[in-house]
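The two complexes that follow have chain A in common; it is paired with chain B in the first and with chain C in the second.
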Partner chain A sequence: MSQVMGVQPVLQRSYRMMLMPAVLAVLIFAVLPLLGMFVLAFTSFDLVKGWDTGFTLKNFVKLTDDKRFIASIWVMLSLSVFGVIAQVAAGTAIAVGLEKIIPRWRFLRGIFVVPFVVPHVAVALVWLSLFTPTLSPINAFFDLFGITVPALLTTRWGAISAIVIADTWASFPFVMLLILAALQGISSDLDEAASIDGASKIQVFWRITLPLLKPALLMVALFRFIETIKHFPLIYVMTNGGPGRATQATNYYAFIQTFQNSKVSYGASIAVFLFIFAAAISFWVARMNARISDA
Partner chain B sequence: MRKPKGKHDFSWKQAAGVTMMLALLFFALLPIIWSFILALRPENRLFEPIWESPTALTLGNIRNLAGTGFPHALFNSFVTATVSTILAVIIGVPGGFALAKGRSSRKFVASWALLLLRMAPPVGFVIPLFILYLNVGLLDTWVGLIGAYMVLTLPLVVWSSWTSLSQIPDELIEAALLDGATMAQALRRVVIPAARPGLVATAVLAFLLTWNDFFFALVITRSDTVTAPVAIMNFVSYASVDWGSIAIASILLTLPTVPVIVFANKYIVQSMGGAVKG
Partner chain C sequence: MKTQYARRLATAAMVSVTTLVPAYAADVDVLLFGMPYTKGLAALEADFEAETGLTANIEVVGQNVFENRITLSFTGKTGDIDVVHTPVIQVQRWVEAGWLQPVTDGVAGMNDKDDILAGPLDAYLVNGDYWALPFFAETGMMSYRKDVLEAAGFDAPPATWEEVLAFAKAAKSDDMAGFAMRAAPGQGFNMFVFPMIMRGYGGKFFADYPTDLTPAINSPETLEALNLYIELINEYGPAGGGNFNFSEIAAASQAGHLAMFVDGTSIVAQSLDPAKSQVLEHMAIAPVPAGPAGRSPTIAVHGLGVPADAPNPEASFKFIEWATSPETLTKIAIANAYPDFTRASVAADAEVLAKYEAINPDFLDLRVQMLNDAIGHYRPLLPQWPEIGASVGEHINAALNGLETPEEALEAAEAEMIEIMAE
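Our next item is the complex of A and B:
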């Protein structure tokens, strides 16, 4: 034992040495740009007019009065809320299906995972083709029965649902994998005890499995929620923010203000808003985490 | 126990379950099958339903794609994703190890900061980076893009190697050191082999993150260093959309990621689970 204690000081010293490069690199590559974002947001920088380094709050004052910004928050929330609900529902349904309903189909898990690794640009492009009425096999199929499928991308809620559908396709495997892991962590004794007591499979699911999954479901949902805030390729490729400004979510609006309108500082202030929004949710996640691991 | 059912008893509930699973399977597969069809359709049959001319298929789209800038963009993607993954692993894994095993009172700060960096919207990083790069001439360079990718990969690698390395018992490392191994030897011979699955998953996730990136590359690259996800957009123009090339390019872009995820997905779950559970 005393020998082990003798090793400790050396160990701790080498741990510090190992930590140093990582800390430095994170500071340079990640923290510094974030500080840059704050500096830009509190000054006024315009790619055309140049940089006035004096401290100002005018970007944030302008935000409170910007109708496009307020509208973009609603777009963001619709995309996130509907997207997360759809992904969690689909992912959980598949996980429960593979684990409980048809265990013989477990080999399909590998297939269900595939959409998860498809780059989002490719996801956006293939769904764009499926939502292009002249091209889509879905439209062609319903045409056979004389049914005209509406062109989703031309209407406000249609375009929002199109992005939600594409995002659901890309992200249900993430939910599925984590819920599968959670399901496997639930002891089957409980299921058996309940069915011995005469509960049907459906009752077991609603009364036992689902309540036990609740912490995992909530975590996955929050995690996905934060990811959906950052939607970019799907919007850029499928709708370009349109029709009109119907799918200009906040993240996309920050991009447009910065890189299309050259209003760098204004774009940065929108990014600061998003950062604080994401940080608040992550804080909630971290707190809930602590509670789950304590339990 | 309830009375055992015969093997062939028909159950409506079971049928509903099977129907639901089939519908979801169709949803999962439709875009994949469709992109293969698009990739193989000759241009003049593109707007004809596939069941009207199921045999009108061609490899011509592949030949066309070979003549564009796309292969070079794939090469760019490969270089930037590989280099930024290797750098992040070399710098990040020792850091993760130190956080897993060292005694520090600041671990909570570290985990909180890493979580925050992973959750932060990329647009917040990209705006200052763009201004910086514009002024120092790093736009459209490999160094610039790889530097930007460290924003994505470093927090991920530190975080998830921290998770997987904390499962290695302290005694294992101490025993190796007491046997006279140096720290580097202990790492190479004992710690890394024991944690290999988790570390491989970490590297795979970091690679995927950069390989799939669209946003950073869209802002930072112009022509020479354009990566494949951005280069695909060259096939989309106001006048026409070259669906055949898009489909093949998408398939090529996805192919390298598929085997990895299918074989490694067990470990990926652990490492994502770590990411979620903290």
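Our next item is the complex of A and C:
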């Protein structure tokens, strides 16, 4: 560890000691399991057949030829791309609305945060009943006017939309909070100058606020993208991967292989793929972000 | 200085370990997952001690926690579980993995062995040994609305799947679904019920189980059954029926929006629950419908087994014998919603009879009749079943919801079965 500049050597040691718990926690709870995952992915561990600890690449070879795995990537990308677009759009719209357009309604911020603190399993149960026509108040309401709302969860794109909707409801507050923070960092002088020059509120938003929010939007989209890759409770509770396999995202498929089919090493190789995929996306976004900041 | 730190750390660690981890002083540590029986059993811990002088620690956890706990315990060979909840659907896999020890000698030594229902007990006979004693046997039944049946002009509940179709057609209206059955994919969901139709039409999973394990699900018989299942749910089922599981079915029936459904006895019992059903006076039950090849009610059996590394198998078996004894089962049947007992003599108990006859006079008799008609390998008893069941269930669900044609679904299901069996 390098010396902290301008701090007395005696303090240096105690600073390091104070850092130890955090370092240990990261080592034990993040680095070790990650190493374990790699070890599993390059060996053959099947709960029923036992553990063959010899090095092998067969899990990864099998991945390239596994139709269910490849289909699961498309499911994951659909859920992530549509989910991130919906959440970022909704979160930004509400944040800008509350901060710039109708500041009187700022007190609503507290209410909008509520969905964010609800555990995902509870979110899933609520939306499952909303999307089950026989239980749903939405269907009951439209039935009054003789309109039949179709059952979302029994079609491929319906089920994907249902998960995206539930996830958007639960996660837009996260986007909203981060964008609100970013908005507070933008000087109001710019808005004022623009409006004095005759720009409308909408022009101010498109020409001034949005460009300045770009780095924050990229960061928040990245956070949400990585979170949506980890989709599990919504799928498990709302669709169980169905109809057919239409909502078996890659993460869910890793769960099936590991815990349902007992193929721990194969499941770990899928997890390694997800890890590398998420890392690559993060790296790419970080580079893009740096380019935007430099410009 | 450093050694002092280390010593302090070690002391702190030891103190926290000894205070946080409760001392398991019990002679028999039992791990179960939540069902009416297991909850009832946990309340009787003291009875076991009074009767045998041994102490028991009965832990009832959620099913997913259970899976994690036993996987750790079995693969780590920790020997910390003396008696384990053993679903029959898992027993082949556990036996192949060497996770259980046989209880054959204990069973041979029981003098009231004949009182145990033969079907559920034989489900635990693998490679010539018994691996658990059953405490729960659920089978299939039909629940239907008498008033809707009469209004539709029928004088008896449908006895065949063809008649189910006719009744569903006649019963269907804007606020009444004609028929419902589990549709959500899963070996314990749609694959718990679909084989009732499949086997009724002569369809089967394998060419000749257990001697010839060539996958044979892609047959004209299964296709006919699948088409009927799809027509029943999509044409006459509730809106969104293609994603229904047992809880949605029970809720629709209790709310009075469902003319008829076929499911396990525990779900049928929920449709007869006075506290929940809004149409209780109209509810009636009937046998599982038959097809051209006969009747094949679903069956699910749970039991108690002994892990391979349990240190004291005699004590373990003593617990199992007590927990599945007529006295214990009777107590639980009276105190809990537990009509799924596995001893014939429990059904003869006056208090048990009175309790379940009050719900429905035919319930217990019909249950025994269905259990007698059920085949033990309704879902094939193979270590690969959990994977096969999941895979086939996904294709059945895909066909139901139009993602695949029925022909494609069966072809793909058979191809995947071949792959899984070859591994």
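Here is the rule we use: the second predicted complex is superposed on the first by the 274 of 295 C-alpha atoms of A that agree within 3 Å, B and C clash if a C-alpha of one lies under 4 Å from a C-alpha of the other, contacts with A are read in each partner's own complex, and residues count from 1 in each chain.
Definition applied: a residue touches a chain if its C-beta (ideal position, glycine included) is under 8 Å from a C-beta of that chain, and two chains touch if they have at least 3 such contacts.
On a predicted model such as this, the values are computed, not experimentally measured, just so you know.
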Clash-or-fit label for the pair chain B, chain C on chain A: clash
Touched partner set for A:156, first chain B, second chain C, both or neither: second
Which of chain B and chain C A:246 touches, first, second, both or neither: second
First, second, both or neither for A:40, with chain B first and chain C second: first
Which of chain B and chain C A:55 touches, first, second, both or neither: neither
Contacts of A:134 with chain B and chain C, given as first, second, both or neither: both
Contact breadth on chain A, by residue count: chain C or chain B: B
Which of chain B and chain C A:259 touches, first, second, both or neither: both
Chain B versus chain C as contact partner of A:145, first or second or both or neither: neither
Stretch in clash, chain B with chain C, out of 60-68, 132-140 or 168-176: 132-140
Footprint overlap on chain A, comparing chain B with chain C: 134-135, 259
Parts of chain A lying in touch with chain B, wherever the complex brings them together: 3-4, 7, 10-12, 14-16, 18-19, 21-23, 25-26, 29-37, 39-40, 45, 90, 93-94, 97-98, 101-102, 105, 108-123, 125-127, 129-130, 134-135, 137, 140-141, 143, 169, 172, 174, 177-178, 180-181, 195-196, 198, 201-202, 219-220, 223, 226, 229-230, 232-233, 236-237, 251, 254-255, 258-259, 264, 267-268, 270-272, 274-275, 278-279, 281-282, 285-286, 289, 292-293
Contacting residues of chain C [partner chain A, same complex]: 67, 71, 75, 93, 96-97, 177, 184-186, 189, 238-245, 248, 251-252, 255, 257, 383, 386-387, 390, 394-395, 397-404
Interface residues, chain B side, partner chain A - complex: 1-2, 13-14, 17-18, 20-21, 24-25, 27-32, 34-35, 37-38, 46-47, 49-50, 91-92, 94-99, 101-103, 111-117, 119-125, 127-132, 147, 150-151, 154-155, 158, 173-174, 177-178, 183, 208, 211-212, 214-215, 218-219, 229-230, 232-233, 236, 243, 246-247, 249-250, 253-254, 257-258, 260-262, 265, 268-270, 272-273, 276-278
Parts of chain A lying in touch with chain C, wherever the complex brings them together: 47-50, 131-135, 139, 148, 151, 153-156, 159, 239-246, 256, 259-262
